[in-house]
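Next, two complexes with chain A in common: one pairs it with chain B, the other with chain C.
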Partner chain A sequence: MALNFDENAPVLEIKDLNLSYWTRAGEIPAVIDFSLTVQKGESIGLVGESGCGKSTVAMAIMQYMGGNGSIKSGSIRFKGVELTELPPDELRTLRGSHISMIYQEPFAALNPSLTLGTQLKEVPMTHEGISDTEAHDRAAQVLADVRLPDPARVMAAYPHQISGGQQQRVVIAMALLSNPSLLLLDEPTTALDVTVEAGITKLIADISRKYGTSQIYISHNLGLILEVCDRVFVMYSGEVVEEGTINSLFTWPRHPYTHGLFGCIPLPTADKNAAPLRPIVGQLPLPHERPHGCNFGPRCKFFEDGRCDAKDVPMEPVAGTTSDHRVRCVRWREIDHSQDVAHGDAKDPMEIGDAVLAVEGMQKYYEVHDRSIKALLAGKSVMYVKANEQLNFDARRGETVAIVGESGCGKSTFAKVLMGLETATDGSIRHDGNDICKIPVRARSPQQIGSLQMVFQNPFDTLNPSHTIGTQIGRVIKKFGVETDKTKIRARVMELLDIVKLPRDFYIRRPRQLSGGQKQRIGIARAFAGNPSMVIADEPVSALDVSVAAAVTELLMEIQREHKTTLLFISHDLSVVRYLSDRIVVMYLGQIMERGTTEAIFAPPYHPYTEALLSAVPIADPEVTKREIVLEGNLPSALNPPQGCPFSTRCPRKVGTVCDDERPPVQMASDTHAIACHIPLEELARVEPVIVVPSEEERAHVAHQ
Partner chain B sequence: MATIATVPAPGYGAALMNALRSFALLRESIVGMAGTALVLFWAILALGAPLFAPCDPNATLLAFAKPGTPIPIADACWSDTFILGTDNIGRDILSRIVWGARTVLTWAPIAAICAYAVGIVLGLAAGYYRGWIDDVLSGVSNIILAFPVLVLYILIIATFGASPLNIVFAVTFATGPLVMRIVRGLVLDLRNREYVAAAETRGETAWRIMLVEILPNARGPLIVDGCLRLGYVIITIGVLGFLGLGLPPPDPDWGGMINETRQMALAFPHMTVFPCIAISSLILGFNLMADGLREISLRD
Partner chain C sequence: MLIFILKRIGQMLLIMLIVSVMLFLLLEINVESVAVKVLGQYSTQEQRELWLQRNGYYDPIYERYGRWLWGFVTGDLGESVRFKKPINDFMWDRLWNTAVLGFWAMAFIIPLALVLGILSGMREGSWLDRTISVTSIITTSIPEFASAPLLAAIFVFGLGWLPGTSSMIGGFDWKQLVLPVAVLVIYDFGYVARMTRASMAEVMTTHYIRTAVLKGLPYRSVILKHALRNALIAPFTVIMLQIPWLLSGVIVVEFFFAYKGFGALLLEASLNQDILLIEAASMVAVFVVVATQTLSDIGYTYLNPRIRFT
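Up next, the complex of A and B:
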């Protein structure tokens, strides 16, 4: 082909790029004044909240902007070749061979009706015209490189026959098949479980080293960027606000937005009482309502009238630090971030009262009917999915108890049983003194229902789009019998809106007029409408952006503090859990692996699964050291769990056949700390801590160097 | 509590304004506007039938008159000529078409609404409860749908006799299962939303969840389908009229008009062509309206 690459030029060079979308509302600038250079073998991180334009940049590099998007000005050069002027047929030879892209959802990136082998072979056969057998060998080789066991079996399989993590490995293999110079990764692990994510992240880092591939890694997660990238670009509302090497930017963030972001992340140093999160006030401006001058101006506490909103702010190099650190702020010289406390005001710890919830031997089995003739003949037509097995724990007034585990661990089933959407198979759940585990929700009294409410996960799904906010909250108040009089219900809705810090005129708004964070606040207001003694929060902030999530988390805890509510927090994210919970229950495949106070869980003795989970959580602090533990294999099916310890198939500390055959004993490390494992406690206690956080003195020492 | 007073309570006025506003969006689709114009044209003719029809639709005036023939009897009509001619027994075709519009635009919507009411209720139940209720309802509806529609209509009308109410019954019986299948599909998706789970966790009754939480969110596809379905019902009524199973004579009925004059279609094309145009344009109107609504709903 007629593509003349200059091998000495940078792999990618973007200069003064401006991208716009045209919609019914007119032109919407999506990316403004964007410049970026990627050298050979370099990994660049692009980080920002949703709507900041990071994915649009990736689309522009692929020259795939869709019908209503276009490049207004600027240049994108790939090894010296200007991409913006390339004709479609040359672009086609470029895409997928020289530049590859890996998307967020592997199951959507693979064609469900073709075998993985067919899809893999297609890449080199199209781009290099090699024979089928040659392509087959190459595909098998790359599959082995991405550490998929038994490549031959994977090649013959269809996408649905392998797990999500394996699918993403296949997608990565597909992207690597033509040995591209540049790899674009758009949130490649967001749809995966944490322990799987850790494996993929490690793989991506290894691959760029092995193949010398340059990468652009797009993510909302600063911790992940820290683990994979050399340099990082922070985007806000269509602009890069700060760029620099990982070390420089994470240690000395210069832009108030970057600095604010770190205040929103529950780092190991954050504490809900002593050092709470400090959310960024306000919300991201809509693309057609961006302010004059600095886009971050209206949310910035260093905002200065007449200077920050005067004119567009250019990127300026930061003198005196490592090279390549640039920031888009007119006041960066004057602001001393070291004087600025990275967390909010300290609060008194909550008083913990009597037990509100006591779970004893709770069990939930689902019956599954296999109607095949084979199963009928074998007499195995009824099978059981053991969603919850022998759950024991309690929660007290004013306390936050977290249930942690990956998808399929049974945490959502437990929430359903608590709420009465399902009834338990065995055991008891006492809430406010009554055993509720066998009472379906429609048989509970309004007071009972009202005192046990739930905040749901997905803000875009939690409110009914057809009804106004006022009617939806009002309905709850009426249903729980808090108020019956129309005007009183109305007044109570207004009070609730005040509590969740939303304007009162939201009463007449509809959900589609609200942002994700606002919707989640309404979800919280709805849960607290019946003055509950206990609220279950099922991943309430996992779908929200970092700065919004921090605000919602703080709000939730503030209301909890005022109402002395018990919070049952269900999550897969150990950093959030560490931040806000008093006690933690770690679940795997329907069983409790470990439970104890937050301090006990985060220090040895660990259950081997907890240990792996702790290692898997990315931490956005370059000075924190972590021991690397990557779990092999997949989560076993709940239909056919291992005979002995559920974790035995993936456990790196497996002692022998006893793990496969016998249920692990529950060992008490202290009154409140229980571990279900065959390994003796003394041995588990000798394990080194997974996460090591440097002390204040050590930090000061590093900063002075 | 001063702030409370500043927020107006949402009432039926607001709901009506919202409905009008979403309908006003149709302006953005040319196709939708054309369809609406056609439907409105027939709706106005039907409403003002006594005003717009020049003659008594059942009066025999002058047989086999071509369009433009002067009317022989003074004061029988307000026009001087038979604008669209007369049929084989001397009735004014224009008047019969105008009055026929009133018939079809009365009974077609009634039939469609009945079919929808039945389809929605059954579809909600099948999609929400699933299990054996779904099995039974889906099974019965599949049996009905497996029957050739025309045979079904002929059987029903032949058994119960030709009358407007029996047409409504026949249409409901044959179309209800189709609507049910659409509603069931929508409900199967919507019932998994978290707001439905939220309603369940506060102990709402099943019917309240179906009607208040789920049904309003299925309205988009249902409105589009409703427009199309209305067109099909008009065809059905036309076909039944053509087969002589429609409204009992002598009242004007477009399908019946075509049937009565089809043997003379070659010699006197105006007798069949004009009712045909009437039927097709009204159906076209509803179809274009559905297209327009769909086009708008697909945009952002």
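Up next, the complex of A and C:
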């Protein structure tokens, strides 16, 4: 069964590939006319929003299309071997050894009932027929390569016993075990925290450089693609609309869609007042409702009747570039993107009013009962998880305050206490003058509940599928006591639909008829139903596609502007946070590490953790330079946090034992800027800024070269 | 783990205590009727009162309950009215006989159901899947009182291969066990097979199966190593629930084939209003239910490493 590889041929060569899914409604073309060549050691980025067909391409390379998917035409050659005609047993020798894959959700990708060692060992045992002990040594070696501490322990563990970041490292190790020539990465870091993401990204880059592995990196995150890839393919509705080297494509995007995508992401140059995001209008067409001609036509502002919708648009090379830049647009020569402002219209900054929320010394401890005999004998059966420890900050009318931190930092616990789903252990939270931190939601008056509302992270789960949108919002209006009369409630729902820019006939729709972005708009309408003085937004756009997220972000800010609402924005994404918040609170393991105005947080002096967070955020601008700080290790368990500074176990700038033993003092860099760290302020101020954005002149200089 | 087991045993005892109170109240609150049940329709009022007096039935109810419970705990189950001898002398034999019947039924049901369920769940919607599904639905929908006469008609009266009764008067006989076991297997395997199929089909759509396939593992190894153990978690619980079901579910079979088992005993006790026997048999049945559930919970933790009782 030896496959005859041609070592001189490209690692992967896809030509004119057409993939379709067959459903009851008939054939649905998922990928159209796709061509791609990957040379040895090259990293290719595949970018696009959900439903554009990027994962389908990866599955087609693996020849794993499921029961209803098939390759209609075209060829996929791996080192000269045609994969579409390969018999199953030869395909099997290829999978997992020559081509392997790294998946989006590491936890789902690992078998829950087998030890990680078993799952790792079987790869070389199957492909190379080596013995169990040999496979064991190999697996341990690769686990060490992916920088997992204590490989022996990891191999004996089950997937649920290790953290998400460690799981992804195991999945990566599994993919690398037989030293593949091609690695397919399907959103490998989307499910992970930013600092973990930064570590994994660097790891993948190091390894592929070391072994000369080619990569196809699928992501919706342009910033990430910029950091890891050589060439990038932008996909839209089943087609590649633009391809080119990172430099060429990121500096001079030619396709209006690519250009639009950059307008949607909060780059360091964007500003919520001076240079707001510019969402792409409209929605992705359904696969069976694609327009004639250019798929992007209906959403494109350069659309020209009779030209763009005349016939299918071919890929054309962009003249004058050395880098094989190609674009699928009939008007690319005419459109001068440099004349086109990449952001929306400037707005006046908001007026900041009186304090709406004042948090003082807030603490939330959870009791955890350990029922093992050992704990009972030791008298340690009750332990405390310190979810929030000594939180102090305030938020004023019309202001946006962001709480930033990775999972497990206590930001969601804080939101729960605010909402009354949990009560605080100690301290006070004054909202509109009343201390609410010990009043559970059931004991709050409808007005109190209505004036403090929340927009949830996942719009897909927060709407009841069996009620219409109208009744769901109407019910909230009634509950909050805003209106009682039926016709008035209806009128108010219509008004709210107008506010969130949804058509009024959504009143009678049900959630399943709505897209993710539309559902989140309903979530926002619901939150604003009781005229709240403050809205908590818990990662409101992280589950949405880039262009949809931009539209929802802009909407949220517009409503805030109009109603002078205070927004408490909870997020792990510093680029969004930098874009829309006035002040930032950085949390780690339940404690505030740093707080201050947005400008103060993004400039030295930094708390070492903030520094690492800033460095971890991928930025989709090749001219922005960033200092690299990669955090090692895992978040400590909240049950057993470090004695002194919570960040001491991972801090790259640790001073000494004082960090382990003593709580860091809160140092005031200015009236509003507080840093909890043992390092003196002067020393913290002496570091270089993490993110350096070139000035307009510098950019112009680069553009002329 | 130890604490978990201790807890479960405590729970078991509590459940049995509650059931015993309910049973006792239900059957013995009206002492008159007890006397009637024990002495028969034609006893005189005097005889009944004398009997009740002698057996302490005029004592307060909690005392009687305490006495009965104590007797139960110390192994004195009393005397059966129907069989005119101590319950201890024959009930355990009956239980053993049913255990033998149940063991052989399970010995066929479990492998048959699991193999068929896994085969059909492996490729949902395939020709094999449809055949197995239809077969198991048909066999499950035939009640035991229909399949028992049908099998008897074929193998006893038609072909004459097997005996029609299974009373085992002349000692243990393999031949006599065949038909009762067959009826139980036919009735029950389809249900377990359907459960296994659903579980297997679900496992086959998970991402870790995709991972296993894309690792280049042979199909056999994907199924046996990766899918099987996860697919067995749900059917395991179902199978453990079949054991208490067998205890009473065998009544029809035992009665039809005159098999001297626990089910037939329970039926006889109820028909003859043999109160002490009903009480004893019920308590045994409750014990079996609670014990199998505890075993199933413990077994579950071994199949599913995500659940550990600490």
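Keep in mind that, in the parts below, the second predicted complex is superposed on the first by the 704 of 705 C-alpha atoms of A that agree within 3 Å, B and C clash if a C-alpha of one lies under 4 Å from a C-alpha of the other, contacts with A are read in each partner's own complex, and residues count from 1 in each chain.
Quick note on the criterion: a contact is a pair of C-beta atoms (placed from the backbone, for glycine too) under 8 Å apart; a residue touches a chain by one contact, two chains touch by 3 or more.
Fair warning: this is a prediction, and the values are worked out from it, not measured in the lab.
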item	value
Chain B versus chain C as contact partner of A:454, first or second or both or neither	first
Which superposed partner A:468 touches (first chain B, second chain C, both, neither)	first
Which of chain B and chain C A:480 touches, first, second, both or neither	first
Partner chain in contact with A:269 - chain B first, chain C second, else both or neither	neither
Touched partner set for A:114, first chain B, second chain C, both or neither	second
Residues of chain A at both interfaces, chain B in one complex, chain C in the other	none
Of chain B, residues touching chain A in the complex	1, 3-4, 6-10, 14, 193-195, 197-198, 200-205, 212-213, 216-217, 219, 299-300
Touching residues (chain side chain A, partner chain B) in the complex	23-24, 419-421, 441-442, 444, 446, 449-450, 453-454, 456-458, 461-468, 470-471, 476, 479-480, 490-491, 494, 504-505, 507-508, 526
Touching residues on chain A, where the partner in the complex is chain C	62, 64, 67, 92-97, 100-101, 103, 105, 108-114, 118, 122-123, 126-127, 158, 160, 171, 174, 370-373
Parts of chain C lying in touch with chain A, wherever the complex brings them together	2-3, 125, 206-208, 210-218, 221, 225-226, 229-230, 303-306, 310
